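Shared between the two complexes below is chain A, which has chain B as its partner in the first and chain C in the second.
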Partner chain A sequence: MKAVAFDYARPRTVGGAIRLLSEKPDAKILAGGQTLGPMLNLRLAQPSLLVDITRIAELAEVEEAPDSVTLGATITHAAVEDGRVPDPARGLLQLVANGIAYRAVRTRGTIGGSLAHADPSADWLSCFTALEATVVIAGPFGRRYVPIMEFMRGALDTGLEHDELLVAIKVPKLSTRARYGYHKICRKTGEFAEAIGVAVDDPGLGIVRLVAGSTQGRPIVVDGIERLEAAADCIEAKLLAAGLGDDAYELSIHVAAVKRAIAGALAA
Partner chain B sequence: MTRISLSVNGRPTSADVAPRTHLADFLREQLLLTGTHLGCEHGICGACTVEIDGEIARSCITYAVACDGARVRTIEGFDDDPMMTRLRQAFTQEHALQCGYCTPGMLIAARDLLRRKGGLGRNEIRIEMSGNLCRCTGYTGIINAIGAVMAETGVRQHAPASKSGWRGPAPGPEAGTCDAAELKGPPHAYQDAPAQTRPLSAASTRRPIKVTVGRLETIEGRTSLTQSFVLPYQRDAVWRILSNPVEVAGCMPGMVLDGPPLDGRATGRMEVRLGPIVASFAGEGTYERFDEDHRQVIEGKGSDRRSGSRASGRVEYQLLSTTLDGAGATEVQTRISYVLTGPLAQFSRSGLVRDLVARIGEMFAEAVDARLSGKHGPSARTTHLSAFRLMLRIITARILARFRSFQKKISH
Partner chain C sequence: MVAADQGIGARVLRKEDDRYMRGRGQYVGDIRLPGMREVAFLRSPLAHARIKSVRIPSALRDRVFIADDLAGVAPIRADTALPGFKSSVQPVLASAKVRYVGELVAMCIAPTRAEAEDVAAEIELDLEELPAVHEMLAARAPGSALVHEHWDDNLYLTTEIDVDFASVAAKAAASVTRELRTSRQAMSPLEGRGVVAHWDTRLDQLVVYSSTQQPHIVRTGLAECLGIDEGQVRVIAPDVGGGFGYKGILLPEELALSWATRKLGLPLKWLEDRRECLINGADCREHHYILTAYADSDGRLLALDCEASVDSGAYSAYPFSACLEAGQIGSILPGLYDFPHYRCRTYSVATNKPPILPYRGVARTGVCFALEVTLDALARKLGKEPTELRFASLVRPEQMPFDNITKRHFDSGDYPEALRRASDAIGLERVRERQRTPEPDGRLIGIGFAMYTEQAGHGTSVYASWGIPFVPGHEQCQARFTPDGGLELRIGAHSHGQGLETTLSQVAHSILGVPHERIKLVHGDTAQTPYSTGTWGSRCMIMSGGAVAAACDQLADRVKRIGAKLLQADPEDVRLEGGEVAGPTGRISVGEIARTWYRRPQDLPADVEPGGLEVTAGYKAKRDTGTFSYAAHAAVVAVDPDTGELEILDYVIVEDGGVLVNPMIVDGQIWGGAAQGIGTALYEEMPYDSRGQPLASTLSDYILPGPTEVPDIRILHMETPSPYTRFGQKGLGEGGAIAPPAAITNAVNDALEGSGAELLVSPITPRRIFQAIAEAPGAAR
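Now for the complex of A and B:
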């Protein structure tokens, strides 16, 4: 349970981090280390260099615009949980943050680290998919903005190049008429979810978004839903059509998670 | 070794640490503060919980070097803390410990909960404390003790632990007197506006080919499945590529042959570098072709020295003439089976494997298609990227399975 030897660098700027990543293709970015730490200790990961990005001031900044909030990549789950950043989703982010792992993990685990790792069971992926957030990526060729559904390609697989850094996530603001529900099913509190359901209904923006997360790959967006009230009845058929039919247990647990998220939104 | 300066239990400390030394080892072995316990050593059990800049954290997955400039507080640093004194009494009264192994972490987490929240019910306290495992007490005494202290303290307003307003992992950019790593060189001029565009890889210019993957079966450790795809070329043309082992290897993401095959045998490796993980399966393979059936059987085995995993597999494919949009085309029907042993072996999630095989199949089919269309074959860079993606998927299964099986073990 001891990591193999690695070098450690601690750039002060995004440019400095990118330069280090460009020079060492097998370097790994260290943010809160709540996933990478265990991987290093288990020797699943053996990078030659860790680039610690937690001393880059810009990466924990918040930028609020009339229709969106951009959250820096190294903002911790605990900062969201404690309400130390504005919540563009009117409490949904706070609710989600509160349920991630345990407090001692949330104090160091970061939004950007979770997204870049792209574990299908991670809460933020499903949540931001339902909110149609955009990932901001910096690299040697400048910055690019990638919708979260395009950013994640599969389990632990993203569109990040080795010399790129996820710097922020831009989250659209929900309107005052929005309601939402979030439900995850875990065997043990704080463990990886077996199924995640997210329901966002915002008449102000004219959207009804249902997401089934913690699949084997990307979250499934249930499309063609016009009214949240009528959504629960067709979930099973929709998830079946989306390819969740291979395993009866998996299907039923995902249907349950989405239905509970819908119920949560309706009760709001 | 890297020089770090930090405060531990209020005392300024400087030390040389190897970057791989985690905070708990640093505290226990260099500072001899053995009150911090190590249970699982990968962030599951909570025994190693300490405070970093006033917020609780797992010291086994936080590296000492990352705490340069931080204020660390261990169980030894709470001796005079009134809340901790009261909690210790309550733990004694309620018989909240037996062997004591989890207790330092349990106390620090409980005190943090009392600092942040009040008025919680038993069930809520259980949920809040679920990141700290105890194998003796069944938790009842622990929950009783925390509940008793919480009843005395009443409902509290959560005050942020840090006044700096830093929202990232502690200690953040304001901390740290010696930043040796930064001395490696000044950051180069970095421009936000795109100065140039990233060159397109060969893979990104290929056209997509749809691959159908059949159901996956595992019998006695051997996993098998089928997949098929259609290429818009005559069978003889496709066979010219797919009957040639060098061409087949060239289209396979991440595969490099040591030299030309001889007498139906070849050696080579599947070399992959993927973000956190580097793996290289070296081994040998045999092939047997049946021209009259347009069929080939490839068998191979190899091992990854680094992870100590071994793999053996068999791929059999046959080409059938078909039509696509009214023109002559070829369907490639493939049957794949493999056995994987060692750390990489925890391939328990069928959905992931199907996804993986479809992905490999797509990359392979697109590479064959590119060859047939006269475009360039896979460049070194392409191979690398493809291999990257491919291996990530293998790793996914392994990591997820491993984490989950460990967590299940630990929570039963």
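Now for the complex of A and C:
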């Protein structure tokens, strides 16, 4: 199938992009096009205008602060994989990026696009949930900063308005004592994950974060974990309590993914 | 000597790969004709419905065609002569009813595909939905909705074979019964289907470029349905990016474009996209079996009793019909085993799904799965090693040639030796040793074997009784020298990955000694090649190979006679070797002889064969019941019981394809086939909901194995010549795809033996493995 005809614009500034989005409520933002491209060709998306944001210099920038790194929305998975941007999570982002789809997808696909699409099986959602990152959103009336857990409302559902643009993701820096593990279960290399497990243990920041991703909706944060070493045994009960019990197979693979992430962190 | 290095048996690099690997192939999608328009089809969104109306906006009326417009175009009928067969009538564009999701309803024409899809989106299709016949067992039950309402049930055909079955019960010491299923798949060649059609006003001829395996059969079908002379149809199959059976069909799209190009006086193009390929191309492999195997107290197979159903879809596809799969099950189910009693009933069931097509391996992939998985269950019941159970019943080499219980004539081979070598190569004893200790990672290790025979190149005597739209007879090759000593070979079959441009060149080279770079294979154009039923049934190396050899033999004789004259020698005293005619007085090259024929006729012998250096010769095997290549596959797997994840740790194939013309190409065929077999085993499945809606419409839902899913498969060869073919070669193009589902499933069931879980449905997905463990008698959870 081929896309329905659309207009195409390539603004140079965030303000320019937002003006275009304000004028055309059915406009779609085009970044890497790795999801939107197929959606257009399948005619599931039929926007009258595509706003290509890949030439907005600001969106490709990195801003480093003492306790965080802010990554521009159009930074590609490949740029993270290749270490071309700083990794505030001391290698976790690089590890995650390396496992996203295939290299060809990583070359074009962007962090911002992945987050804005909010597919529950996307890697960055689970990863940034574990890191408690903050989404930076620009709109006609300025910028707002939204914790990732509030940003995603459900599958393919975010708090983004039609005239807003996700401009960056602000990721806290982990300390030198941090350990982490990441595991996803998928049918084949490069496929969307069926289950994701993330484990981040940072005594320097005093956090132990476990996340089960690729659920029907938002990633599940496994709460009440104090020590990673003791975490594995309670995962099944925690995920059951979080509502993953409808399907024994789904529960089992999510438990396995989180346990493997824990094992990965413990082995680090 | 040159011939030995580059002829039959040599690992000659594939000639066609130069253009393939450089992106210089010419596919249907590469063809551009002046003024060409593109076609998009409006397809049925429902599986089963009455068409109440098709409303076309008046502004678009000249760009849209529906069934009523196609006056004079006959529907597609692929009948068989088998008693009791019910005929289906497949309209080119649906009228009255739609019978599967994706069936053509309207043809929309525009300068580009996108615009043609815009046109299609403007059409209002008013359908009255009918109950979908979406599951073949329900379709067989009384009271089911009918796919074809003038039938009294949903059965194209029922067949029954009974060989002294009634007397078995008294003798059998043990039996097992299993219900098995293989899921519907979508064949997925890299290049989908595609058609370009135009009417050549000079020749008053329809020219159709189509991505097909059978240009001559398509030509016959087009002429019949369009009601024009066959001489008015030329079909060209340019480079074709994989066939596998997906392109062994007369397409309604070919007919629609052929009709419309003449009507409009414009060249038309339609290229199937991947969504079309998945939805209306989900057309293979869906089988269901209830199979009982009986054995005596020594574990020797006594009998098989089977009821098999094939979901044959909404129409009987041309030319192979709706019954090829189910009909074959009855005759090939006995596999490579020798046993005395047999009963098999088969059902070709009509459903609201795309018409079934034979996919690489045809019915054998399902049959091998059903039989070999059931045999392993029998072995477990008897407490025997699965290899031992098989050794007791495999046809033995000293029985060859052997007529089995369904009168299949096995030509040659040593089946037990293939299994022994597979068992040794995979290390059965080592795996059994390893299984005694739990794995540190908690995974379960299993080993599985599966065997099959692959009948190939079977001809007239096999197909005549089927009465489908074609019966293969002799195969021809036109061979001719060019004035500069080059050799052209023209065949009616088509090469689309098989490497025939190389292997047939090797055959010619063995006989004539012409270097490969001077041999050109011409194929894929009905105007330039002899008639052929095309490329299917692993027949080309036997049939086209035999024909090329026959033509080259005749050319060799003529070349020798001319050469002898030029050498002033007696024709009896000259030999053809290394591309030269050699006699007592000297040597002369074949090229020089060709130059003499064409350009210096004054030097020819007076009694020269006036047909010159151009012949058409035909071939039919000494026995046309086909060759039987065979193999033993062995797999070792690790299964994670918590997640159902499966890893293939080792995979061995011991294959006997007779004399190998090019062992490198054979290895490629086996690897490629095995990759598809792994797809069947572990990944590929087109699920349907209760309304007959296909649920996998993109490649993120329909999972194909990729490079990281296919293990490093070790291939060992045996080479038992066929007594019936020109060089002892056997057809083997499909075998790789036959056994992996059975071998891998057997390995998984071996791994799970402790839990009592058994996998009986392919693909064996992680979810199915997990559920089998959860539901097993010894389930821990």
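The rule is simple: the second predicted complex is superposed on the first by the 268 of 268 C-alpha atoms of A that agree within 3 Å, B and C clash if a C-alpha of one lies under 4 Å from a C-alpha of the other, contacts with A are read in each partner's own complex, and residues count from 1 in each chain.
The rule is simple: a contact is a pair of C-beta atoms (placed from the backbone, for glycine too) under 8 Å apart; a residue touches a chain by one contact, two chains touch by 3 or more.
Every value quoted in this text rests on a predicted model; they were computed, and no experiment measured them.
A.B. asks: Regarding the shared-chain residue A:G91, is it in contact with chain B (first), chain C (second), both, or neither?
C.D. replies: neither
A.B. asks: Tell me which partner A:S252 touches in the superposition: chain B (first), chain C (second), both or neither.
C.D. replies: Touch partner of A:S252: chain C, not chain B.
A.B. asks: Quick one: is A:I185 in contact with chain B, with chain C, with both, or with neither? Answer first, second, both or neither.
C.D. replies: In the superposition, A:I185 touches chain C alone.
A.B. asks: Looking at the overlay, does A:A5 come into contact with chain B only (first), chain C only (second), both, or neither?
C.D. replies: both
A.B. asks: Touching A:K28, do we find chain B (first), chain C (second), both, or neither?
C.D. replies: first
A.B. asks: Classify the contacts of A:P203 with the two partner chains as first (chain B alone), second (chain C alone), both, or neither.
C.D. replies: neither
A.B. asks: One more residue to check, A:F141. First (chain B), second (chain C), both or neither?
C.D. replies: The first partner, chain B, only.
A.B. asks: Using the superposition on A, tell me which residues of chain A are in contact with chain B and, in the other complex, with chain C.
C.D. replies: Dual-contact residues (chain A): 1-5, 38, 42, 187-192.
A.B. asks: Tell me, which parts of chain C touch chain A in their complex?
C.D. replies: 112-114, 117-118, 121, 273, 275, 640, 642-645, 683, 698, 700, 703, 705-706, 708-709, 765-767, 770-771, 774, 781
A.B. asks: Would you pull the chain A residues touching chain C in the complex into a rising list?
C.D. replies: 1-5, 38, 42-43, 185, 187-192, 194, 248-249, 252-253, 255-256
A.B. asks: Contact residues on chain B for chain A in the complex?
C.D. replies: Listed in rising order, the residues of chain B that touch chain A are 2, 18-20, 22, 25, 40-44, 46, 49, 52, 55-58, 60-63, 65-66, 68, 109, 112-113, 116, 126-128, 130-132, 158, 160, 165-170, 172-173, 175-176, 179, 181-182, 184-198, 215, 273, 275-278, 306, 343, 349-352, 354-355, 359, 389, 392-393, 395-396, 398-400, 402-404, 407-408, 411.
A.B. asks: Which of the residues in chain A come into contact with chain B in the complex?
C.D. replies: It comes out as residues 1-16, 18-20, 25-26, 28, 30-34, 36-42, 44-47, 50, 52, 54-57, 59-60, 62, 72, 74-76, 78-79, 82, 84-85, 101-105, 107-110, 119, 121, 138-143, 153-157, 161-162, 187-192, 215-217, 246-247, 250.
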